[in-house]
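The following pair of complexes shares a single chain, subunit A, combined with subunit B in the former and subunit C in the latter.
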Partner chain A sequence: MDPNNLIHRDPGEESEDATLAGKIAQGALKDIITTILRWRHADIRLIFGTIVLLLLVGFRIAAIFIDVDTLETHLDVGRSSGFSTGGGFQTTNCRPVEGLLLGNDRNGYSLTATLVEATQAFFLPALLSCGIALFFGTLLGAIAGYFRGGLLESSTKLLLTVIASYPRLILVIVAVGFFVAYLHDPGRAVGMRLFLMAMMLGVAYVPVLALAIYQKVGAFQREQFIEAARAHGLSDVRILGYHILWANCMPVLARHFFYLFGYFILVETSLSYLGPEYGVPGSIPSWGNLLAGCSKGELFSAAVMAPSVAIVGSILGLTFLGDAIGERFERGRT
Partner chain B sequence: MKTAWLVGQKVGHFVSVLFLSSLVLAGLLWFSPGSPGKAREPVDFDEIAVGAEVCVAATTCGTLKSMPAKAPDDPTVDDGFNFIKKFVQVQLPEGEQTVESGDVLAPGPSFPTWFFGVFWKGVLIWDIGPAFNGDPVLDVVMLGAKQTLPIVFGALIAAIVVTLVLVSFLTWLPFPSMRGLLRTLLLILSISPVFVLGFLMTKAGVLPHPVLWWVAPAACVGILFVGDSSLGEFLLQLENEYRHLRSRDYIHAAGLRGASLFKHMLPGLLLPLSSMSAAKIAFLLGSVVIAENIYAVQGLGTLSLRAATKPDPLLLLTLTVFITFVVALVTLVRDLLEIAIDPRIRKGGGH
Partner chain C sequence: MTSAPPKPVAEPGAILTARDVWVGVQVGKIIKPIVQGGRLTVPQGGILGLVGESGSGKTQFVRAMMGLSSLEPGVFSGSAIYKIGDQPEVNVLDEVEAYTPFRPPEGDELFPQRMRIGFGWPLWRRRFRKRLDLLRRLGVGFIFQNPTGALNPFLRIGTQLQEAVLVARPNANRKESEEGALHWLDQVHLKADQHTLGLYPHELSGGMAQRVMIALALACEPKFIVADEPTTGLDSHIRLEIVGLLNRIMGQGALSGIVISHDLPMVARLCDRLTVMYRGRVVEEGPIEALGDPESDSHPYTRELKERAEALARGRQKHSKGGVEKTGGTGVVVGKGCIYRSRCAIYRDGLVDKERCNTIQPEMNLIADEHRAACHCEDISDALKQSGGLFGEAASG
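Up next, the complex of A and B:
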């Protein structure tokens, strides 16, 4: 007898074990397939949007700790320090580099690190923009929707029509270009430029949100629970603020929050692509100026495809998330 | 009588929106750091050097060509601003002319004078003044409009036609899963920003052609009607309207009678189409800035960028008011179309 094998096992038992293992494996496989089949019915938009949002938040947090300078590859010899989209394109840049996941960018820095760091160009300004649009859009839409048939409604609607008549991008260009051109030191005006961009885009988005809230408030005004609240002597502010806006307009606000966040990414990257005069300055990396910086690179290279996919993926994800959350809220309430 | 009153109301709304939007924008420009009515700060001569940006009038700035011949403590001058006026030559950014001594030094006009006396009076007599390149502002705007408007309306028409074809195809397609897949793919393509599509098209070899003048505008139309969710939004909205209309009783009845469905559905589709066009035109006029810049088309978008960075407030105001005029005009056409098509509005039932 083998001293190491103290328990005697005959061949019959071994075959039983194999059958049991097979059954367990079969059960596990069945579980996996069932789970996958169940996921087929999950809202893909919600999953994709949540992943995109988590990635964006993660990237923004990681950008605090990333110092792109320490990750440069030193391929672009003679380049001055700092991120720049102008001049100095080297044939060794925008290329795959050993040891760097996506290769390097126009300035020879790690493209992966720059992509992560570029989230700081839009993240906080986008939140500011959303805040402005949500506050003023809700306020104006609620006032116009609740106090119908009077001067307040008609004047608010006229104001919204006037703002809506400007193309949003033109309004941003007017403000950013005209204000920043007069600052003495454009390099120091980074915060001011992003603030202006956020503010103008927020203001330009107000009519869209206000119209949605206006329709919603108007529809709820005829509901019985609002009549009951009035009969109980609740004030207009409480009915409007709590019973209509807080309790019933959240889906609209959530949806437009994500739409505007995505739209801000679109505008910021578009303007940064056009040049440092319109978007973020050359000293700050942005997905837009990353793409512009590698315009001489090959079409299907990482340097071209990575920023493109990041831009399209983010906008798509946020739009999907807005749709999915809005629909889920609506379904939950009905 | 009722119809005439409604039309008058809509035209009045159009005029008031146009006027108020120009007033708001003029106010924004007026209170910006580059206000046309603001006098420049005096120059500090301890810091000034050749090549510096100096301004000798409210809107006349340029690069300092040479240092002043006399010392700034000359008793004949009282401050730096007069000193600039008397002794400094400034090379203007474009053209050969220079600003000589004593040419200019006046604060700009007041806001009412600038807005009513310069801008609106200039619009009415068709002479606003020169733009940054010396050409009359209105000529510059009209030249830009000739390039931009065909692109924008071309993109709008292309979006409508392609969407109608796609909606018909998707409605005809017998497999729901394939329909969903196709719709999702189109939405993903459509959500791409205009500049990404333009960039990819230029990389794919679609570039402005020296002989074939239509390549650049056609490329602009292509990326405009697809990008920035244009096609996607049209597709979703029109498909909803189409399905809603197909489920109406009078369409069923027309189908049973053997009458043309197209003929019966067209008036029903015209209203949503005009509403969608009115909502989309402002968006397209914004996105055209990016498309024109990529394909170097000298239209309103490129001009807006140049006017904003020069900066030329009068040109910027004129350009933006013109763009607002186009947006308001399309909205007016939509409103008039509604009055013409929908008898409930004419008979006082409202929307």
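Up next, the complex of A and C:
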């Protein structure tokens, strides 16, 4: 056999190679499609939620580097007055400017940059809110659940019920308004207002989490494996902290972390939309402020759609993520 | 004011001495006594078998002595004295009477009585807990009845084993505790590798879970161990393996313990002493050789248990007069007189003073060396020979 034959190619061979490659590509495509089709509901939610979370984190990091004051404004209006400060300001809005991705907002800044910048209004406060709710919710729920049948349980439950019986949004508005009224320095009031909003929403969310943890802890108290842990000589702190809270309440905590994160975005944008006396003042970019600045009757423009999609997308994504992670925790281990 | 009862003392050479333990459960307004005056003695280095039918209160009795009684009112009277190694005696149920609002029935009373509102109950519980912590540190282990329920479903078995290792050796680092976990897996004949450590309880079969449960109990390095029906729900092959395993572990002499079971052949293989419970009461205790021996005196119920086990082993389900025999149900009975008399062949055939059986609860009489039975009959083996078989005629109803 002539070794040269091995490298000799017939004219038809190349097209055969091409068809083979095509077949492989086809097979791969088919594989990908069937894989996607085979993905469960939870997986799709997990992927969507993760993308949303990564985008939010990315936006928040990018927002550090964006300084609104250095952005070029595309309107003739002077920048000295800052963001929306006057009613007449709103009429000179939203004529798309060439070269900007989503056009410009009513102040003449790039809408894309403002959307990214607006994540500053909720990201860290939402984390603070989640921290407060998770810490106090877990603490109170665990106390009430572990010391069942005592004064501690009934008093904790009474406190939680009192908090839960007041509407959450109104609690935030009233409490924030109350504290801000006593601040004499209006310059500090902006950051303070967000901080207070985060605190109050965290407190308002404590009963939801605490009751969920209370039920879990109470149910696990009667489980045999908790008894077995006790029989093996583990301490109460270890059993409550590790065996019940860490190992068994993680799905609940993860779920409520993302729920509350989304809920904070909802509250922040709603209050900002209502006006500077409720939410974030106009001088700070926020998705709620962006929506509030649009003229009435406007719907299918980038100025309305972009913040709306951002709000809906992030809340949906976070809720999906909370659900999917919670379910994954539960399904993977039982 | 009555004078204080004498302080209970441990029997010499016993690792656990329990006397007059009462455990109750609240049913409506009455307190149903599910363990009535339970007593047992576990010698140093010995294994005690606790047998009886379902619902006779075996598990609750032992749980009360282990501090695991989760019922209300739970254990409310009695004493359980542990003497482990050179450590001082610990009475787990010390002063229980002073703190609980319940007391055992006296005189004509049938049920335990509520005395006053027990403000001391939570206090006693706290002291109970402290004493139990001490006990755990001394080394008392528990093998649970239902292994899959007794393992935390959300934690890998490696984590749970390492925790148990850390209980025995609090100063061990991560690597040492992992080595300990692997060692105990090897001891119970499971594959000792990282893969096994990484399994969750739901990924184990019944036999594997039971072995992990045994490894968990052993990892605390106990000197006294309680195995609550260790072979229930396992097939005969796995059962043999588990019995062999327990035999090897407990037979080394360093470990004392209690084996709770229905399985008489297993108990005969594992244990040195036997305590028999019937409907909440201990009816007999003694060395394993003497119990159920046709030549020696033994409680009719123990004899019945043994004969039933033998009949089952022979595959003979039916008895002389045909039909499935009645056992008269299970569960706790409250009443005067001997609780076994409705099934007792000696009583049925009138070979004993029926009046005494009807009215007086028999004491645990010494019938031989270290062998006690709760029966009014003086010579049980003779009486049983005279009667027409243990359950022959009872079958006819």
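Operating definition for what follows: the second predicted complex is superposed on the first by the 278 of 334 C-alpha atoms of A that agree within 3 Å, B and C clash if a C-alpha of one lies under 4 Å from a C-alpha of the other, contacts with A are read in each partner's own complex, and residues count from 1 in each chain.
Rule of thumb we're sticking to: contacts are C-beta pairs under 8 Å (C-beta built on N, C-alpha and C of every residue); 3 or more make two chains touch, one makes a residue touch a chain.
Owing to the predicted nature of the structure, the values given are computational and were not obtained by experimental measurement.
Trainee: Quick one: on subunit A, after the overlay, do subunit B and subunit C clash, or do they fit? Just give me the call.
Mentor: Here subunit B and subunit C can both sit on subunit A without a clash.
Trainee: In the superposed arrangement, does subunit B or subunit C reach more residues of subunit A?
Mentor: Counting contacted residues of subunit A, the larger count belongs to B.
Trainee: Look at A:L209 in the shared chain and tell me whether it touches subunit B only, subunit C only, both, or neither; answer first, second, both or neither.
Mentor: It touches nothing on subunit B or subunit C.
Trainee: Which holds for A:F225: it touches subunit B only (first), subunit C only (second), both, or neither?
Mentor: Touch partner of A:F225: subunit C, not subunit B.
Trainee: Per the contact definition in the header, classify A:L158: touching subunit B only (first), subunit C only (second), both, or neither.
Mentor: In the superposition, A:L158 contacts subunit B only.
Trainee: In the overlay, answer first, second, both or neither for which of subunit B and subunit C A:G233 touches.
Mentor: Touch status of A:G233: second partner only.
Trainee: In the combined three-chain arrangement, what's the angle at subunit A toward subunit B and subunit C (CA centres, steps of 10°)?
Mentor: Between the subunit B and subunit C centres, as viewed from subunit A, the angle is 90 degrees.
Trainee: By the touch definition at the top of the document, which applies to A:N248: first (subunit B), second (subunit C), both, or neither?
Mentor: second
Trainee: Pick one for A:Y273: touches subunit B only (first), subunit C only (second), both, or neither.
Mentor: Only subunit B is touched by A:Y273; subunit C is not.
Trainee: Now for A:I173: first (subunit B), second (subunit C), both, or neither, which partner does it touch?
Mentor: first
Trainee: With both complexes superposed on chain A, which partner does A:I311 reach: first (subunit B), second (subunit C), both or neither?
Mentor: Touch status of A:I311: first partner only.
Trainee: Minimum CA distance, subunit B versus subunit C, superposed model, integer angstrom?
Mentor: Comparing every C-alpha of subunit B with every C-alpha of subunit C, the smallest gap is 11 Å.
Trainee: Considering only the contact definition stated at the top, list the common interface residues of subunit A for subunit B and subunit C.
Mentor: none
Trainee: Mind listing the subunit A positions that touch subunit C in their complex?
Mentor: 150, 222-235, 238, 243, 247-248, 250, 333-334
Trainee: Provide the residue numbers of subunit B that touch subunit A in the complex, in ascending order.
Mentor: That would be residues 13, 16-17, 20-21, 24-25, 28-29, 32-34, 188, 191-196, 199-200, 202-204, 228-229, 282-283, 285-287, 289-290, 293, 304-305, 308-311, 313, 316, 320, 323-324, 327-328, 331 of subunit B.
Trainee: What part of subunit C is in contact with subunit A in the complex they form?
Mentor: Checking each residue of subunit C against subunit A gives 66, 68, 70, 122, 133, 136-137, 141-142, 144, 146, 149-155, 163-164, 167, 200, 202, 216-217, 220.
Trainee: Spell out the part of subunit A that touches subunit B in their complex, as residue ranges.
Mentor: 158, 161-170, 173-179, 181-183, 266, 269-270, 273-274, 277-278, 288, 291, 295, 299, 304, 308, 311-312, 315-316, 319
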